């Protein structure tokens, strides 16, 4: 088998990890972002500590904690679920911080105008603030997705057979010069995979800026 | 402080400005359409006109911050044909003899007022730090800001910043000063401080070209009033004459808009 | 209580690992910043070859996962007869990473400097060189500070990946202890705390700088 098909064997797992963790993050971050902007100080503090703690610890530590450290009765995480949950938790924290930035970037005047018009709280939040915040943060979300794609490679350290794991396996079987190929190919593959997202992010960035601030 | 007649004549041959047939376009958009202007040494020329007329672009062509597509520029004894390649040495020589003051001051925010005025002297004229600082202090005193020497621009009001910027330009001993809407970013009261410094400069015989919306200043201080509209000069001459009796309808419309508000 | 007692027992071995982590992070940041500046200048160079080379180095350093670059240096290059000690490989890989990320941050910082600054400098006849190094760069670097601090935190956390090539850093120390007495939960929790104790305050300081800069902008 050649290096490229070896690396490609890991592609479905890389995509599974990335998209599952992203889905967890996108949804899980919503309540956390609301908590981060909460006027209730203790709620805000707990949310803040959670976000900063999750981001302050490297991903590999979270994966090892889940994979080796958690045992409840007979339950233990298998490598794939540990990776998805670990990457998911980290995504929740990062995306919540991105959402919070977006919510706070909506100009105060928008709230004041809504209040002056007598709009109810829920319409103000979901009808006025959220749509604007979403436009502001969508480029950052795309950038985060690219980062998550790369971070999913860390799952290889807990024996999840994604692309980097497959590259390692191939390299180990080929002690010759050929053994360097999978590393180069997998690097190119990551860059190639992130190109469409980066492109999307750039067009979103330009379009959103125009839409929001023009 | 007035410059004597003899030196005036001696400088006359090489400190004026002659711009011939200057044209400039961005893509399909014409900004300057075959504009020519003479500025006699020791005179003040005020450039007025509606926004979008090309005044600032035209002014910035004089020291080649904007590169015209065609035409000839004779400034302070240097002749430059911007359509062709301009050597770095010619450009440096041109800019050394022409000082410029911007609407947004453009002081260097990471340097003190003194350093702002001294740094270009050290780098461009090769003056020692002591020489430069001495000259800077003289100039800061002249614009009434000696006590601000050690402050960073962020700590100074807009009017003070603009006066420091004038001192910075003067420190290189230019023979010509260009002003690009020097008071437009300032409150009317604060603008007066700047205008009074400019009046003194004019009285001392500095050759000046001023893009401005200050009609009073244009009328009282300038020797020549130049009205631009639609990428061209539409009228020029004695400021009082033009203001009281404009020849062109476009000029009349503009003057009515600014004077009768 | 038993946890705390156990942690106290683990701590000496963990501390030596933390020392190695900090060393790797320190080296890759110290080398990465100046290289990043050089790369940012290459990327905005007029010469096409220089620009392309700079862009390639930056895009690979940012686009490929740190783990892949780490493996490339440690497992890949030896196949060409170029072998490094594991700690050297870790430093090289993270330096590449740090340089690539900081070059983009510096470039953005330099581009954020108002056009008027260059114009004023040009109008004063100040040379291109002085305009860049004395007028534009100091201002651009100032606005790049929070981002560059972020890179430093990212590199410190990135040293944990060197575990994968058996560098005796914090994560590896934790794993070694864990494989002796199988108290994985305690040991990895302690490792996490060691990272967080440094990363979290560092992040707060970064945010503080960010806010201060925003106020003075």
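Order of writing sets the labels: A, B and C. Residues in every chain begin at 1.
Basically, contacts are C-beta pairs under 8 Å (C-beta built on N, C-alpha and C of every residue); 3 or more make two chains touch, one makes a residue touch a chain.
The structure presented is a predicted model; accordingly, all values stated were derived computationally and were not measured.
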Per Cα centroids, the chain farthest from subunit A: B
Selected interface, B-C versus A-C, where C-beta contact pairs are more numerous: A-C
Euclidean distance of C-alpha centroids - subunit A vs subunit B, Å: 54
Chain centre separation (subunit A, subunit C; CA means) in Å: 20
Centre-to-centre distance between subunit C and subunit B (centres being mean Cα positions), rounded to whole Å: 47
Interfacial residue positions of subunit B with respect to subunit C in the complex: 63, 65, 92, 95-96, 98-100, 102, 104, 106-110, 119-120, 123-124, 154, 165, 168-169, 172
Contacting residues of subunit A [partner subunit C, same complex]: 52-53, 55-58, 60-62, 64-65, 68-71, 150-151, 153-154, 156-157, 164, 167-168, 171, 175-180, 183-184, 186-187, 190-191, 194
Residues of subunit C touching subunit A in the complex: 59-60, 63-69, 71-72, 75-77, 79-80, 157-158, 160-161, 163-164, 171, 174-175, 178, 184-186, 188-189, 191-192, 195-196, 199-200, 203-204
Residue ranges of subunit C touching subunit B (in the complex, touch as defined): 114, 116-117, 119-127, 130, 134-135, 138-139, 142, 216
